[in-house]
Amino acid sequence: MIKTDVIIIGGGATGCGIARDLALRGVPHCLVEKGDFANGATGACHGLLHSGGRYVVNDPVAASECISENAILRKIAQKCVERTGGLFVRLPGDSKKYRDAFLKNCEEVGIATEVLSPSRALDLVPELNPAIEEAISVPDCSIDPFRLCMLNAYTSRRKGGGILIHHRVIDVIREKGMCVGVKVEDRSTSQVKEIRAKMIINASGAWGDVIARMGGSEVPMTLSKGSLIITNHRLTNMVINRLRTPSDGDIIVPNEAVCLAGTTSIRVDDPDAVEVDAAEVDLVATQAEQMIPRFGSTRLIRAYTGVRPLLKAESSDSRSISRGFRIIDHKNGMISIMGGKLSTYRLMAEKTVDAVMGVFGIKARCRTADLPLDGQDELTGYPLSKRLKSIDSVVCECELVDREAVENTINSLGTGYIGDIQHRTRLGMGPCQGGFCTYRALGIMQEAGRMSPAESIETLKTFLQRRFRGIRPALWGDQLREEQLVESIYLGILNMGQRP
Amino acid sequence: MKFEHCVRCTLCVENCPVFKVNPEFPGPKQAGPDAQRFRLDGERSVDAWVKLCSQCKRCEIACPYGVNVSEIILKAQLKYSSEHMSPFTAHLFANTHYLGKLGSSAAYLTNALSSTSLMRGTLGLMGLSSYLPLPEYRFLTLNRGRRRKGRFRSPRKVVFFHGCYLNYNRPDVGRKIRDLLTYLGCRVVMPRQTCCGLPALGNGDVDIARKFAQVNARELVSWINKGYKILYACTSCGLTLTHDYPETLRIPEGRKIAENTYNVHEFIASGVEDGTLTVEFGPVDRHVAYHIPCHLRALGIGYPAARLFEKIPDLKFHILDEDCCGLSGSYGFKKKNEGTAAALGEIAANAIRAVEPDALVSDCGACKMQLGHFTGLPALDPSEIIIESLRPRAPKKAFMKRRPT
Amino acid sequence: MSRYEYDAVVVGGGVSGIMAALTLSDKGFKVALVSKGDPVCCLSTGCIDVMTGSGGPLKGIAGLPADHPYRRAGEETIREALGSFLKIMEKGGLPYTGTVEENRRIITPIGTAKHTCLVPMTMAGAHFDEGEYLHVVSFKGIRDFYPSYITSRMRNSSFSVFDAGVSTTMGIAAKFEDEGFLSRFISWLQGIENPYDRLALPAVLGLSNPVRVMKRISEATGRQVLELPTLPPSIPGLRLFRTLKAALQARGGHLYWGKGVSSVESQGGQIEALTLATTARAARVQGRAFILATGSFVSGGLYAGRDSVKETVFGLPVFHPAERRDWFHTDFFTPGHAIEKAGIEVDDCFRPLGADVQNLFVCGSILARSEVMKNQCGHGLAIATGVAAAQACARGLA
């Protein structure tokens, strides 16, 4: 049994941000997450560190939060953030009124803008649609949400906090109507553990209502699925937004060696059972194509989806529900933090911990904005110069991940989860989507004794099945060729499908 | 965006000679499409290992989807060279032209010295490899000889772009080709020409390459405008003229040059096949291994000399096109590539030995040097076989006196 | 424009294209083979899968629908074609073994078993048999071969690891060409004390003459030696291709490699010529008959757009499941996704349906309904249909 002061349920950006904040304020805590970091919306988002431009016309308060957090994260999370800059492009037919409001509000809120002529914009981003009427530059950045979570959790670990990934909450322990702890199942061993604390913070995102109900209360939520597509390589080095009322498919973000484009917004009921639809893929590609024409024909390597946890509202358009966040004190030992966006995670964490401090009566000040994230030195960067130490023993050739990186991750985590390696090293995130390298990584893991050969093959099967889910809706052109090659290896040479 | 088509099938890797024998080279897939996703403009190049690529182009021919693998690697090589200091040997070989001029002017001295251990030692210190004897130079280069030959009013007007190897090292073969063409009724002109520029590209100096290309282009275009076809025998020169001039170096009239440039055997074979050249092929009782130069494969024109060999009675020839000789122009002359070049030379030589020929034939000078050294067999140019076939029926003065090989 | 004239022009240099070209060449026709690049057989195990099924390939084939390309070729042609293949490989120095009467179960790199029919001589001993003690030798650092997968699934097996100094299949195979390396390897092998019956290695026993290397090792150890199939880069796949290609070159076939077809000239239901975009200038390759053997999606014979599939050289009508969402089942391990059925439909003479062209024949995996993964029939189908299409073509040319 583990005893601590605070339990955090959820290892997304909010949960990890709270863990770091508590650690820096000296409050013992334990974070539990059923999957790996960024398992929910955090891991399925756009990877965009907003300047706030997207919200500035309809929600200036949210925009203001964005721009101030943008500046803070640039400072404290340098290795997670790529300072790409962003453009809002106006195409023929887009509302000029919106554009004027955009510029006016940006100035009021404090978002630095510059109006660029089409030719200047095309110099910066040659793949832009030459028919744009103008572009407005903003300080958007690309951010790695997984790294963000991992580094926040690192501070917590360093200061003695407990971080239990792959631990699923199966029940909330209640005594006299108060939440006093949780029962978690360690998914690697099926062992059930008990953790007791004075306060439980529900930062489980789309599962917020599920967890709140375990605690005897509820959080009325609207779940909205957002799907994105990933291109084979960078078509732009800057974030590209559409200068109009936010809608589907109007953001393109460069991230590592690829571009992410999205998103959609479809109501769903179950946060666990979401799949990308081929129609969503086509929709996003069509919208993105208007800003970068090559999107119509470029190779897509995968599509993915996540569920946005939004506070319930009457409006039927889930996009118009405020992205602002809310802290709900259920007055039963559990506090829920709901809503929000990746860019403002730190602020959300700060406010949540402030609320908790009140309960404990501690007067420690939040320092998360002042101190840079720990552990950034060992991380690789995107361009070749920062990524490749040597070209010997590369395991993932698409993403240039070498054997040493894989073995280090395996050894430091002691993990049997291939996903853990993928998130930390980008193994399998490239054009072949792990078609070749996962087989190698699993081979290495089984040779290192982390799993038996039989377990390794079972994991490979599970991985191939899961991988296929993300690829299937976008399978045409070059990616379909890729898939036929991968099939010829696993279904042909290795004959994993049949029993002769 | 052709590299988008790469599905990591490894067909290029299976064809890469350097990857096969040098574990320091990660292969064309990695050096090309894989690393390309990470090459950001403005970032300093760190991929020194791209220089290990010999630009044989086998990867690009192997790709079923037309990914321009060797071109991606070439651009990375040029970028790397422009940002880092090149070794002495790179400067030396980028200026093959001057090397040739110097070597041939004092040919007797050059040849005498180059085989001495003092010279070999010095050259070794300068970064040259030692496994291959340096080629001999000749004073009477093609430049110094007769520039025009053949019937003035012939409808078949050709410019012979001979290239540096034939000019400075084997002018005898160059003259044979010239005489073969005139025997076939062509008016042959060998105008002023400088190095095609490929060694400069291969040694990271795109400016020198472009300079040479511009000089040649001016001359060649003037002849094309007069109705001349440009012929080449050295397949690397041919690839440079027809591919690099229009594409890599973007010479303004590069396309025109490409359209009007022919491999000498392609020219002869099409003339024979469509009947415009009446030729009687006499028997040649030889058993030869025809080693296809990598750059001939890259031209995509098939093997035109083989089409001629098929017509020569009694000639037995084996086409060997699976192995790169390893010398790859100036590549194997550099000490850092010595191991690779020697290992490949041995593999290619084994393939030749396996067919037990009495001579080897190759269009490319580097292939001839390298494989002649490894097999000890006489290394002939395809035109020499053709001349042997035609000589008995030709007038005495048509061809030069035959030197024993 | 450069011009070349032939009796038959084969487009696509894979197993089916080369077999078709060889068949026509043997009948005395002048043949050109045009290929945009190397074929996918270089990535295969090198084994000839004819048709999966424990009752033997022919039984499995008899059970296929009447419009399957195998059925159109007919059992007699299939036998003839495979026999012809065996002779070509024997003559080319890369002998194969096996009979079309039965399948054999060979060991895969992960220790599962797989049906195949004809195997290179170096894999003659690669059958799944737990009665014999199998010792696997792997190489230090090799990335795509983990012997423990095999030894954990087979009783009576063990493995050891040799440091070859290089760790890629290509690099190790090149080492085996060197006499010094081979001797060192053999001395090391002789130090292994396990009382094995069979000695298995991943397929790296040299690039040109693996049977010779295998025999040397076998003589030195006194045991049966065998190669196991590997992931790409696959040396046996490469050997298969090179032997077939050399056979065609020796027969006088002309190869135009590395450049794709940029346009097709046809008139009155007859294809007259193809244009190749060669480096210098376009080349016109003229023929009296043409064979399409460009393969499926990986090699580029077929191209899948967002909602339709095209044939990339002649623009022939392509049969395929209508909706993209139906192309792939949700289960990755489905034996044969629906898109596998896509391809060119042909008549009994292997001429494309719905195309109004008399002198074009189609063979190989570009044929509709091949279902190569489901039937595990890749190279067998290529050989059989390559020969069948060439025979039909020859009748037309005569």
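Letters A, B and C mark the chains as written, and numbering starts fresh at 1 in each.
Going forward, a contact is a pair of C-beta atoms (placed from the backbone, for glycine too) under 8 Å apart; a residue touches a chain by one contact, two chains touch by 3 or more.
As the structure is a prediction and not an experimental result, all values here were calculated from the model.
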| item | value |
| --- | --- |
| Subunit B reached from subunit A - shortest hop count over touching chains | 1 |
| Chain closest to the assembly centre - both centres taken as Cα means | C |
| Between subunit B and subunit A, distance of the C-alpha-averaged centres to the nearest whole Å | 53 |
| Between subunit B and subunit C, centroid-to-centroid distance (C-alpha), Å | 33 |
| Rounded Å distance, subunit A centre to subunit C centre (Cα mean) | 43 |
| Subunit B residues counted as touching two or more neighbouring chains | 7, 9, 23, 65 |
| Multi-partner residues of subunit C (at least 2 other chains) | 40, 43, 167, 232, 298, 300 |
| Sequence positions of subunit A contacting 2 or more other chains | 436, 481, 485 |
| Residues of subunit B that touch subunit C when the two form their complex | 7, 9-11, 13-16, 19-21, 23, 27, 60-66, 238-239, 242-243, 258-259, 261-262, 266, 270, 273-274, 297-303, 306-307, 310, 318-319, 321-322, 343, 347, 350-351, 354 |
| Subunit C - residues contacting subunit B, complex | 2-5, 36-40, 42-43, 165-168, 170-171, 173-174, 177, 207-208, 232-234, 238, 242, 246, 249-250, 252, 254-260, 276, 278-281, 283, 295, 298-300 |
| Residue ranges of subunit C in contact with subunit A within the complex | 40, 43-45, 52, 54, 103, 105, 108-115, 141, 143-144, 146, 148-149, 152-153, 167, 229-232, 296-298, 300, 303-307, 324-325, 327-328, 330-335, 337, 339, 372-373, 376, 378 |
| Touching residues on subunit A, where the partner in the complex is subunit B | 232-234, 237, 257-258, 294, 298-299, 382-385, 387-388, 391-392, 394, 397-398, 400, 430-432, 435-436, 478, 481-482, 485 |
| Subunit C-touching residues of subunit A, taken from the complex the two chains share | 278, 282, 393, 395, 436, 439-440, 443, 446-447, 452-454, 456-457, 461, 464-465, 467-469, 472-473, 475-477, 480-481, 483-485, 487-498, 500 |
